[in-house]
Amino acid sequence: MQIGMVGLGRMGGNMAERLRRGGHEVVGYDRDPAISDVEDLKELVERLRPPRAVWVMVPAGEPTRATVEALAGLLAPGDIVIDGGNSHYVDDRRHGDELAAKGIGFVDVGVSGGVWGLDNGYALMTGGDEAHIRALSPVFDTLKPAEGGFVHAGKIGAGHFAKMVHNGIEYGMMQAFAEGWELLEAADVVDDVEGTFKSWRQGTVIRSWLLDLMVRALDEDPDLSELRGYAQDSGEGRWTVQAAVEHAVPLPVITAALYARFRSRQSDSPAMKVIAALRSQFGGHAVSSAEGSEGLGADSPGADVAPPA
Amino acid sequence: MQIGMVGLGRMGGNMAERLRRGGHEVVGYDRDPAISDVEDLKELVERLRPPRAVWVMVPAGEPTRATVEALAGLLAPGDIVIDGGNSHYVDDRRHGDELAAKGIGFVDVGVSGGVWGLDNGYALMTGGDEAHIRALSPVFDTLKPAEGGFVHAGKIGAGHFAKMVHNGIEYGMMQAFAEGWELLEAADVVDDVEGTFKSWRQGTVIRSWLLDLMVRALDEDPDLSELRGYAQDSGEGRWTVQAAVEHAVPLPVITAALYARFRSRQSDSPAMKVIAALRSQFGGHAVSSAEGSEGLGADSPGADVAPPA
Amino acid sequence: MQIGMVGLGRMGGNMAERLRRGGHEVVGYDRDPAISDVEDLKELVERLRPPRAVWVMVPAGEPTRATVEALAGLLAPGDIVIDGGNSHYVDDRRHGDELAAKGIGFVDVGVSGGVWGLDNGYALMTGGDEAHIRALSPVFDTLKPAEGGFVHAGKIGAGHFAKMVHNGIEYGMMQAFAEGWELLEAADVVDDVEGTFKSWRQGTVIRSWLLDLMVRALDEDPDLSELRGYAQDSGEGRWTVQAAVEHAVPLPVITAALYARFRSRQSDSPAMKVIAALRSQFGGHAVSSAEGSEGLGADSPGADVAPPA
Amino acid sequence: MQIGMVGLGRMGGNMAERLRRGGHEVVGYDRDPAISDVEDLKELVERLRPPRAVWVMVPAGEPTRATVEALAGLLAPGDIVIDGGNSHYVDDRRHGDELAAKGIGFVDVGVSGGVWGLDNGYALMTGGDEAHIRALSPVFDTLKPAEGGFVHAGKIGAGHFAKMVHNGIEYGMMQAFAEGWELLEAADVVDDVEGTFKSWRQGTVIRSWLLDLMVRALDEDPDLSELRGYAQDSGEGRWTVQAAVEHAVPLPVITAALYARFRSRQSDSPAMKVIAALRSQFGGHAVSSAEGSEGLGADSPGADVAPPA
């Protein structure tokens, strides 16, 4: 089928390519004229035959919002806008309402797959009306992996909500591997840590794509010495925790994984300055730069050891 | 090769079977005479040709300890004892020393695979001397999955240490999926939770054997209504946390997963009784059975709402 | 000075009483005619001399919002509305803007003290313009404890933000005591747990009002057997975590305390059903009701123990 | 009464001083001859009249163990050894047994109070036989604060166990304040953070000695800019978590506080290197130094924003 693609970066560009390989006609728009098929969104819409489908693949938040608003002014009743970015499910509902007021359909799609998706396919979690999902099925069938990887999760917002939770789970799993690696390295009981991770790929309970990626990473840099322990977080991790708090669902593992990322970006921890300050207060001013002696229940090591004489 | 197998339960029995299918001669001992090939450990040892290999597959702790001690009294220099159970790596060192004093070798093997191992093979993490590992390689080659799943992790104890960390990672991953499922169910945004989990098996970052098992579980009981949220923990989870504390390694995710299991076995939480008690103290005796009003910074809902009149 | 008080429940009523004892003239309104000085908000406003001060002490959320809106329609430029409830600081900003558009001032006050406040005074954290705070200082001076307990924290919203963080800290402190008590009870090393808590009130690092309350609670019910481990949470705990997530601040302790409350209200944990389901999958259908054997790395205890024979 | 004091460092020296001020006769031994009353432990024992009481105030672990062993060889039946250091309660039991075999009594005392204890008294948590505790009561009465602060918690080990849990609670409380401070600083809603902490000392739920210390610390260094966020942990925090794991007691808050200290001492987090490595694998080699794009579900911000044209 024919489809418009707005945003031709790493994700949008690859998805357009996979669609073309699958026999679809893609009209792409990007603000970079060098890679854009059209001058602007207006021309994009004109180039598409009604009923049109326009897939938006731009950053979540303001860029997506602006794009959806612009499309709302250009499209006609019966057309469908697809948001394949990482939008918050709450935004989907607003976008869906605004477009519905003009008779335009809206479908949100959580997309997973990264650079591997071009060849392997993209996992797709979709939200929206059954009729809109059905109309787009040729596109979904081409984008998804051959064996599956597609779900119509529910109404508008359900696709991004499912993707959000997917990413929350991903945070927890990644942190579990990370902690295991740190303990193996620190305890120095296992000599062949890299080989241990490799061996885990067969027959174990923890075999997984993330483990495969871990092994790839260790192949390239066996002790990860070329990396800093610094990790961004995307909106999804934060939204997962905020949704959990809203619904009174305890998420200790996913939240701990998120907080570990927050902490990784602090060169010094403000909270731990307070701990240091309180510890020095226990001992009076004289020890404010000292190294320890919690509660001063006993003297610091070395202070007055009485060897049996 | 020829090998003795002590303990013919679900794990030991299946491993003996896989070894026999692989052409090895297994002499099995179990305290249940109905499934034992020999009367006692003494006969087991007599039936094996030196240098002997005896694989111990009994519960960790006292049973393993008693078995190793008995074997130490029966075996001869040049023989090898293999502990394939879930022993603490600290015990391995003691066992290794005791056997070494008599010229008997010791190898510890962390085994993963469960009931699936009979057909798919068992992941094996081994610790011990290179020569002992090499002597046992025919056995390891038969037990492990066809494509890999074997590592000589290090000296005595390294096999069980690697398996311990594997299980710690497993705890974290399981809890991540569990939290994701709870949030999906509670938030009620995604209608097709089961379908969402199924779709995640292809193309996503979280695809894994645990996800496959999760889908199997949902196939059998779509809303898990037949289960209680009650989970045992094995020694490995606790030992992982204790090793981390010993080495000053922060393990927030693995520990949270362990604590969630502890909590799952409490019908009522003693700690939360304290919270309830303190909350009722804030408000004085009169409200000790009341439902809330943290810090009484404002009146309880409903108490004195002033609708604009 | 003269002040209107909207909401005469446990908090509002006591505060009105403390103000009267301090020589102020309080005109109170409550929807319960039996305790109200006026028929409605309109009469309340009429009874006050301009410039008026009206203290709103009703539940956060809709009741406060409705009251502020009604007052916006009744008051005159130069008047001041004080929100002493547990409102979200984000709401304060909206209320402040709406009132400011009519020339009416707004001050938010986080109040702590509970039933003890009538006699001991209320801790007051305030947000708003310096001029408004100054105009209300006679009221604040009477309400606060004799020795202090008042802060002008910042602009509108700062008072409730400070109170929100106060409550977050409170959650963490309460949970720390709760965990300590549970461990003392479970470990059974300390015989006199109640006496231990009492002794901690003098000379220790953890002496605090919460410890005093803990001792009071143990005096009334030494093993807390009359309480269920069930704890509500107020909005502040959730808002604290959400603000932290928004600002990328890791709050492991406060969040863990909040999650413990969430968990305390679940009779069964959905997440732990997933853990139970996965554990039974490891071992195949046959063991779905079994008690353990993580990863089936070794047989279950008792299954095939081989006592040395 | 007469008492021997082994270890005259900051704690032991101050305690000896407080005892002398209280009318007791203290014979002190320290390996530093400049402050020692005797040449060695042998002379210390000779200087004391039977039945003797010797208070050991040296670092936990090897120094305490060596001192207790030496005393076991020098003292006589009827004498009592007191361990006032920060020993693990498990060590107490061994020490108690060894001394009991020679008819020598043993009492363990958890001591809290730091440099403030000299003037204010030391909180004392004691474990041992009733008769031994009673014999030492003149000493305890002098050391403890005037109003209380003493408990006979239980049998040998109970004193140090109570102190251990005290310190665990302390960790949680300190971290709660620390997190609150970090959030206040990061959110930038409250302008007067220092004033807010000061105001909390009266009338609030969180008023406590730790809050008083926090205010003192902020008085000296209002934004804690002179401190690094680096915190040691003492044995007690670790032992608390290990005891909890042993008894299957979930301690999320205390453990999180301990882990925050572990993390504070890492200049870079090994675990977070794994997170960084996995994140770069998602996106292929080309993005291994990139700043983000979790799961590459959508393009990175700025990559291909399509402004409505």
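Letters are used for the chains, namely A, B, C and D, taken in the order the chains are written, and counting of residues starts over at 1 for each.
Criterion: contacts are C-beta pairs under 8 Å (C-beta built on N, C-alpha and C of every residue); 3 or more make two chains touch, one makes a residue touch a chain.
Note that the structure is a prediction, hence the values are computed from the model and not measured.
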**OP:** Touching both subunit A and subunit B: give me those chains, sorted by label.
**Re:** C, D
Original post:
Looking at C-alpha means, what's the farthest chain from subunit D?
Top reply: A
Subject >> Centre distance in Å when subunit A and subunit C are each reduced to the mean of their C-alpha atoms >> reply: 33
**OP:** Let me have the rounded angstrom distance from the C-alpha centre of subunit A over to the C-alpha centre of subunit D, please.
**Re:** 40
Original post:
Which residues belonging to subunit B are in contact with no fewer than two other chains?
Top reply: 112-114, 117, 166-167, 170, 175, 177, 179, 182, 186, 205, 210, 233, 248-252, 256, 259-260, 263, 271, 282, 295
Subject >> subunit D - residues contacting subunit C, complex >> reply: 89, 112-114, 117, 120-125, 144-145, 147-155, 157-158, 161-162, 165-173, 175-177, 179-180, 182-184, 186-187, 189-192, 195-196, 198-211, 240, 243-244, 247-254, 256-257, 259-260
Subject >> Of subunit D, residues touching subunit B in the complex >> reply: 205, 233, 238, 241-242, 245-246, 248-252, 255-256, 258-260, 262-263, 265, 271, 282, 295
Original post:
Which of the residues in subunit A come into contact with subunit D in the complex?
Top reply: 6-13, 29-32, 39-42, 56-60, 63, 66-67, 69-71, 84-86, 110-117, 163, 166-167, 170, 174-175, 177-179, 181-182, 185-186, 210, 213-214, 216-218, 220-221, 224, 227-234, 236-237, 252, 260-261, 263-264, 268-287, 291-309
